[in-house]
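The first chain written gets the first letter, and so on, giving A, B, C and D; residue counts start at 1 in each chain.
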């Protein structure tokens, strides 16, 4: 413990309270500081301009929420017998706090897109940052005890034996989600993500099976689930953010293709990215990357001789998204014809058309037959029996187990040139016959 | 005018309302989009972690404040005779809005530090971005009229003839300051910067000499001045932010020195920075830079053979600030002896000691003999006579014309090693005798 | 129009903007000022202590929301032909604003409870306040035109011919509801009632059939419906507020019974209430009442010789609610036996037991066969076709047409005395066998 | 201690946490519940319409701030020797919390005005409510120990020996002021009163002489002082609120005069006020009064035969304030002539003219020669020496020891009738020659 707690000012939680030297030392590692250079929401700031916050502030926020949960548990539900009574054992506090702080440490620049192109795995990298003796994070954790790095890693990968600790960090209502909903709402300036954190923390309670909620807090939990649902629909799945991700994907794919073709122009060599193109990167290489490093190479490529690469780099840096329309299983067969028309208009269909689907399961009951069974949210009745949330809340019941989202077809904005304007051609006109009210439709059905 | 206004969601103003095609086109230029990659507060996020916002969101905010001022002026004080009556001529709206949006367009990465090292001048660059035919910004402005780029530039450099437009963008209470105080307060999570923007906008009014304020709004203006004063003392002058700037300065100085010595290791060549080291850069070169580009080269230099360069790069990226103590005119003579001790402890004194002063003049009356005379804030009485703010407000009177701030001496944290710890030596002990309660003192006075 | 708009500071809308002399004059009538003395949420401040706001601030808030709707309609959808095109005719502004401001003018002290006991009807009284020549409100409205009072009244009773005006004031998403949700949330300090008013106002649009919403605002409307649902469940139906209403009802019933028995002790005569006990009241009598007047008589009755009356008065003034348990159709048959036990414990069952049911229909589609058909919420597609909200939103679909709420049985707190405490008797023990987890149950089922 | 803490939802502090049965019992006394019926800001809601909050919510807020101070003191500065070390002795917690909760219990309806007319003294009454065995409050306090009521009373009257407890409740930066500034700002919807409560609580620390502040919190304390100054200037001294108080004063004076003349019309007898007119009231009588009771009698008097009484009652209930102008020592001699003109215009000068002065001393150093010496705010340096706040802060220095406010002359609005309107007469014209820009001036000086 620190002789006197240290605080970090934070717009969401007002202050982040640090009470252990270990936590302070972890925050000061290069691996944690690197998260200051990685946006929490990737390219969402291209749509919600305030979304400029990083994984660093989020990580401290998750730590703070976990700390408050521990405080509440210790004040109100302390174990009398080392946890055998199903109550909270405060010896678990440090491992829980470290896991909360470090849960995102393996995320890379433009995380999901990067993984998709280069085959990296942020969960695997998180484990390595925690357990590889070369990192500062590992060094700090080792200082607690030799097996402490592995313990923290096991909380993050859900194999830690105490379900209270695991669920605090990772479940359908965990410190991670609670922080990002509030923080993303604050920074985007929307209020969909607001819910009553104080009340939820008050009604959380440990039990032998993990974490449950008191009946008086049922509506606050319901409100959290609904908020999360709305944030996905409104912010995280916004079609223009996804469009910028599509462009980023195409840009990296094109660079990789050129690189793998073996004649990448040395003047534009992305020195820090090269190990990834070469499929031969170390943990150190990975930790050298951040959003700014990738953007730097995109600047290089503005002048690259390949017109596709340079154009896609400019579209990304200058924010010129593709347009899109939704499609369904029954209209998906129309996409090849539409892509043909995009090609006929002069675009390389491999890089100037794309599909993207985004679906979320806002909440689900536990299903042992599922590939990824969820820890359902339990309301603990006065007589200690548990009732699953969706059986009590008609609102939550309405969205339980139902994936929500859409599939979109992306194409250049030029395809929407209006009649009477210079870019409008017969090909363009033909293309537009496949669109109605933002959806892909079969033109023949309208005739 | 756009057929239907377009809005951008913003956490500070809720929505930014865009009503002109010209404004929309300006926002979409690469020069404006580049501001998304430059932090508004430089390295302040190293202290106030939420301060991750950029000059892009600020620029849109300044635009929005100016737009609201124009709306109020046009609704309540429209001229009847082209402005000869001292009232608002709405023909000035577009030039005012463009100047508001573009006023920061010339800022570079880590703006003030960069200028200091490389001799760039963001005001001069702003002018060039507006008036050089090579930029997209110029192209959009030219579309209004051939002389429009120069008109917008003249608002920004204060030479535009209409003082209402000039003061709206640049005065002691302008759209720029009002946005940044609110935005910095929002993102840092402090409330020092809060004031009643709505009320101030309501009580602003045009007159022949520029912009004045109605008597009923005197206290709201007073509150704004006090807020600004407090933000400077609390946020902008924070000693740890300044420490990170000191490190950045030393880092760039060291790189420049190595570069100019002519044997910069080619493997670590900062391609996009090279024109600046070579003192031969174009506007295009300047526009290729942003915070992430500089950080990328700092990553390169982590492995550079020069230990000073690599250490300073690591200190900057990993946030390891120098410590500091305040000094005064009378204690400044002690600094050489202290620097000697830093050198004796093994640090290169050129790169591991520094002084830094930060002073602000929170508000001043107009003084024609000043090098930079201020436009004073005028309260317009019922009978149209003007009274200067500080004559009415004792709070403002207390800080009018008084610069506030401090001077600090920076040195490595190792110099503060505590007795009994490994790093504590006789040299260190000697050094610490120069410090008391965070101030530099003469050890002889204490004996 | 006023030469310069006048503003009222408001914590919810920041400022209320008044631009017409008629509106200012209406605000200054005694009938409007009286609303300052009537709580918006009746006795809810007994549970949510911040809920101390009145119908006056709410009324100004509804006016302000309506004003903003008119501004948006006039800016974006002005009619070109007097409304025949289904767009907004700004000649309707004043009647809409007056109706918004005055819609609650007929509410009395402790409104719903009072009506229930004394057979008053606030809608009928609203009509009279608007149209009776004796009121100041009528005088101000008459000043516009002789038929203006009746026009405003017809907006409030839904018979006004323009459905845009009617729906603005009264529909499932109207200015009234939008203000009270935000205001009640602000004052109670809960965030269930928050939704994005600015966005909803932006996406509202007039059409021939009334008011519809643009597709881009669908989620904001959804969020509003969910917020409203949650406010009902959490705030408006709180069992302790309802308990205080039960006590108020019983208190007024007892006073009425004593009064009607003809021997009401003259020393405790409720002078301003007497006309209502005598079933012979004038509009002037009604306008003399407010929450404080009723409370004054409750103070008188603290010393009344009838122990039931004095006890109920003390319970109300000193906030000593009854306790309650939920019951259902199948357990309702147990209530007589429970009331017998309350009587056996020494309480007059007529005044110390009660049932109360609270149900709300959060949203419904239009149903011409309903007794009170609802104006459903329509989303207007790009091709001007309408789609009803619940067909687009799974969240809204989940609660459409479903009433939600509960029925409760109320009884004195003494019936819950714990075993081993002085008040615990065999009768009390017997009573408690009917309760489990806050519900009424059949004790025989547990044996 | 309660087995589990109980919370009250509060918009300012989010939750009020109650952890002692004694506190819960005190909240449930009739004397505390009565505060729900007394507005915190008297008639200020006539100007800032949201200011509808009561002394009840404020009292719970002061309790909550004090509770948080105790928590911080106990966590960070617990005494090791019963307080002899100058640190916090948590045995003082309960007496401090009770004093915080009860500090305003003696306030009456329209507190200051009522005291002025009827010679009551809320501090004396507070003491009686605490120590008189007839009250419920006394009964609860006696339950702690026989001398506990007197101990709590001694904290409130500053005679309690522990200065930490006294200063927590009553000093220039105490729990009372911190709650009311935040609460009044929240309810009026202004942000002048906002300051960083969390930070101030963090930097408060006990010492032998009372409570001091750490140097790192100097600016937060400065901000609090400035906020308080601004709230007085903007909210508490608003000329229209004071006008409504003037009318209330005149109304009660007239009623008293009629009553004392001995022929008060029995039909309009203010039963609960009569003991005060008769100068023969008991504590029980006092506790029967609240804002609503007084308003009820004002309703009665609307029909009273005396035209002055009925007119003043209507002005108060219907919010028809007098107008005012500031005057100074040098212009005070003009007021009799102005009052003559008001009389000449047909108004009884005793009831239709008035002067009112409002001055505040925002902050002062300790001055042993003062009639009411202030406990100055001390900043405790690293070496435990104390520095008084105004020596460190130029902002605070500017307002230290200086009273601020104004004196106003009040008169009927009719005196401002404009030329050309029906009410404009030679007398009115003559009167208006004494006014310029809201100030009383000597007409001869303008000739």
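Please note the rule applied: a residue touches a chain if its C-beta (ideal position, glycine included) is under 8 Å from a C-beta of that chain, and two chains touch if they have at least 3 such contacts.
Just so it is clear, the structure is predicted and the values come from calculations on it, not from any experiment.
Engineer: When the contacting C-beta pairs are counted for A-D and for B-D, which pair yields the higher total?
Structural biologist: Between A-D and B-D, the larger count of C-beta pairs in contact belongs to B-D.
Engineer: Of all chains present, which has the mean Cα position farthest from that of chain D?
Structural biologist: That would be chain A.
Engineer: Could you put a whole-Å number on the gap between the CA centroids of chain C and chain D?
Structural biologist: 32
Engineer: Taking the mean of the C-alpha atoms as each chain's centre, how many Å separate chain B from chain D?
Structural biologist: Here the centre of chain D sits 43 Å away from the centre of chain B.
Engineer: Hey, how far is the Cα centre of chain A from the one of chain D, in Å?
Structural biologist: Distance between chain centres, rounded to whole Å: 51 Å.
Engineer: Of all residues in chain C, which are in touch with two or more distinct other chains?
Structural biologist: Within chain C, the residues that touch at least two other chains are 14, 190.
Engineer: Which bits of chain A are touching chain D when the two form their complex?
Structural biologist: Residue list for chain A touching chain D: 4, 7, 14-15, 76, 198, 202.
Engineer: Can you tell me which positions in chain D touch chain B when the two form their complex?
Structural biologist: Chain D reaches chain B through residues 190-192, 194-196, 219, 222-223, 226, 229-230, 233-234, 381-383, 394-395, 397-399, 402, 404, 437-438.
Engineer: For chain A, which residues count as touching chain B in their complex?
Structural biologist: 8-12, 14, 28-30, 33-34, 36-37, 45-46, 48-50, 52-54, 56-57, 60, 186-190, 271-272, 288, 290-293, 295-296, 299-300, 314, 317-320
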